[in-house]
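You will see subunit A twice below: alongside subunit B first, and alongside subunit C after that.
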Partner chain A sequence: MVTSVTNLSRSGLYDWMAQRVSAVLLAVYTLFLLGYVLLNPGMTYADWSGLFDQSWMRIFSLLTLVALSVHSWVGMWTISTDYLTPMALGKFATVARFLFQVVCGLAMFVLFVWGVQILWGI
Partner chain B sequence: MSVNIAVNSKRPVNLDLRTIKLPVTAYTSIVHRISGVILFVSIAGLLWLLDKSLISESGFEQVQSYFQNPLVKLILWGVLAALLYHLVAGIRHLVMDAGVGEGLESGKRGSQAVIVISAVLIVLLGVWIW
Partner chain C sequence: MLQVSVYRYNPETDKAPYMQEFDIDTGGKDIMVLDVLALVKEQDVGMAYRRSCREGVCGSDGMNINGKNGLACITPLSDVVKNNKLVLRPLPGLPVIRDLVVDMSIFYKQYEKVQPYLQNDTPAPAIERLQSPEEREKLDGLYECILCACCSTACPSFWWNPDKFIGPAGLLQAYRFLADSRDTKTEDRLASLDDPFSVFRCRGIMNCVNVCPKGLNPTRAIGHIRNMLLQSGT
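Now for the complex of A and B:
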């Protein structure tokens, strides 16, 4: 089994599975939200904020935010390990790849916390 | 370029993508990646819009007025086009995980289907936005 210290679960198989489970959640949320906006052409603020006031919608959105974090990490990690290689960058590849992963991970963490703030409001 | 760091051999290597004729499956694959990166970069903007639209009635109306701007419409179309493409290509991945459409010919047909379906959806999306 191939393991790497920087991938999400230290196992390619688990990452593969996490990518798919999170993908299904993201797809369901996307279709739900697109459907909601499409079916409510004259949507008002009361409708919109009323939707996000519901507990189930907040839980659904938070679950999607977790899925989004997992999905983007695995995706950006895959891209970084595919393209930021010694063949492309020479001896700086490991440092460049690590920095890229740090930036992606940090950005996603900030976005996650911000998303929680938006959903639960402080 | 120091290619030999990775592969210590004298074998000829051609990885110049500009001179390689790629099959249709390679194009749908790379566009799936590119659309994924576009979506990752777009998360901040989408969260900002969600925040503004939920924080107050005037914020909601402001977001609605942004969507009247032709440039914003174009960017929104681009981001949602990336989302639709990524979604359609992702569903094809799940179908292939189930063992359907993994062959050479069926894989090509799957890629062509992804292109046609997402193109139709993206055009419909454009009609809806404008």
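Now for the complex of A and C:
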């Protein structure tokens, strides 16, 4: 058992599952939006705004935003622990990795709040 | 003449590793890479490499042959040589002790972590613990591993985190005991693997399957472990 305090959960299984479930959600949302755009060629701002006014669409979009945060955290955390290691960076590895994770976490939080603002302001 | 390029490094005399060229007369025969190394050693007795059984059983002579890990003793030149050139390097990702000899301590440490021995806390039977043919069949494709380390040293996840990721060889053995009907420590074994590194650092790129000289499939075993974790955790 390897101890880790910076990954999404303390469990590898949880992270693995969260990444896969969020990937499915992201794929479904992307396909839905693509389909909507392709099936409505003469789409106006009113149509687009009307879609996002619906409660189900807001729930779907908010769920996708949460999925995006979860998915990107698991992914970026994995990248940071693969490449920002003592083998690559020596004694600065822990500081560099932690700073990278802080920047990623902050960026994800900002994107989440910004997404909520867009969602409720459209 | 076969052009052979061999990785050389003697930490006592060399500042850095280098490649040394040899011209080897194979007599036009399709000999094994290990035989070529013996001919190289005739030219330079200081050349160091591991070998023992010379028939793919002991796993001593795992090395990187023209870019792909394999056992020198069972790899014929016709399988690997292109343009009359043979390049031999030590297994990637492990510290080099000398020439083609690597320090496998971390590989064995990961192997040790999976407790590769049968554990059963029920009273021992008078003669032996029996298995049905079906239960025994589950161990096929798992017990044959010879721990040559070709798979783990072909795995980028093991290169980046050799101290945390158990690696394909260790995980194949982990599943060998998880799948054994005579072992009663399944829950403890699974609990010790449920962290973000030990099993889940595997990204399923299947380099291990590609290089295994015994034709085993560690990726499939890792998938089985994941499924067992999933079944016990959901």
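One rule holds in what follows: the second predicted complex is superposed on the first by the 118 of 122 C-alpha atoms of A that agree within 3 Å, B and C clash if a C-alpha of one lies under 4 Å from a C-alpha of the other, contacts with A are read in each partner's own complex, and residues count from 1 in each chain.
Simple rule for what comes next: a contact is a pair of C-beta atoms (placed from the backbone, for glycine too) under 8 Å apart; a residue touches a chain by one contact, two chains touch by 3 or more.
Just so you know, these numbers come straight off a predicted model, no measurement behind them.
K.L.:
May I ask you to decide whether A:15 touches subunit B, subunit C, both, or neither, giving the answer as first, second, both or neither?
P.N.:
A:15: touches subunit C, not subunit B.
K.L.:
Should A:115 be classified as contacting the first partner (subunit B), the second (subunit C), both, or neither?
P.N.:
After superposing on A, A:115 lies in contact with subunit B but is clear of subunit C.
K.L.:
If you stack the two complexes on chain A, which partner ends up touching A:38: first (subunit B), second (subunit C), both, or neither?
P.N.:
First partner only, subunit B.
K.L.:
Does the superposition put A:24 against subunit B (first), subunit C (second), both, or neither?
P.N.:
first
K.L.:
Applying the touch criterion given at the start, work out whether A:87 contacts subunit B, subunit C, both or neither, answering first, second, both or neither.
P.N.:
Both partners.
K.L.:
Could you tell me if A:7 is touching subunit B, subunit C, both of them or neither one (first, second, both, neither)?
P.N.:
The second partner, subunit C, only.
K.L.:
Take the contacts of subunit A with subunit B and those with subunit C, and give the residues found in both.
P.N.:
85, 87
K.L.:
Under the definition above, what is the set of subunit B residues touching subunit A in their complex?
P.N.:
1-3, 5-7, 15, 33, 36-37, 40, 43-44, 47, 50-51, 53-54, 56-57, 60-61, 83, 87, 90-91, 93-94, 97, 128
K.L.:
Under the definition above, what is the set of subunit A residues touching subunit B in their complex?
P.N.:
20, 23-24, 27, 30, 38, 45, 48-49, 52, 68, 72, 75-76, 79, 85-87, 90-91, 104, 107, 111, 114-115, 118, 121
K.L.:
Can you list the residues on subunit C that touch subunit A in the complex?
P.N.:
157, 160-161, 164, 191-201, 226, 229-230, 233-234
K.L.:
Which subunit A residues qualify as touching subunit C in the complex?
P.N.:
Going through subunit A, the ones touching subunit C are 1-4, 7, 10-17, 78, 81-83, 85, 87.
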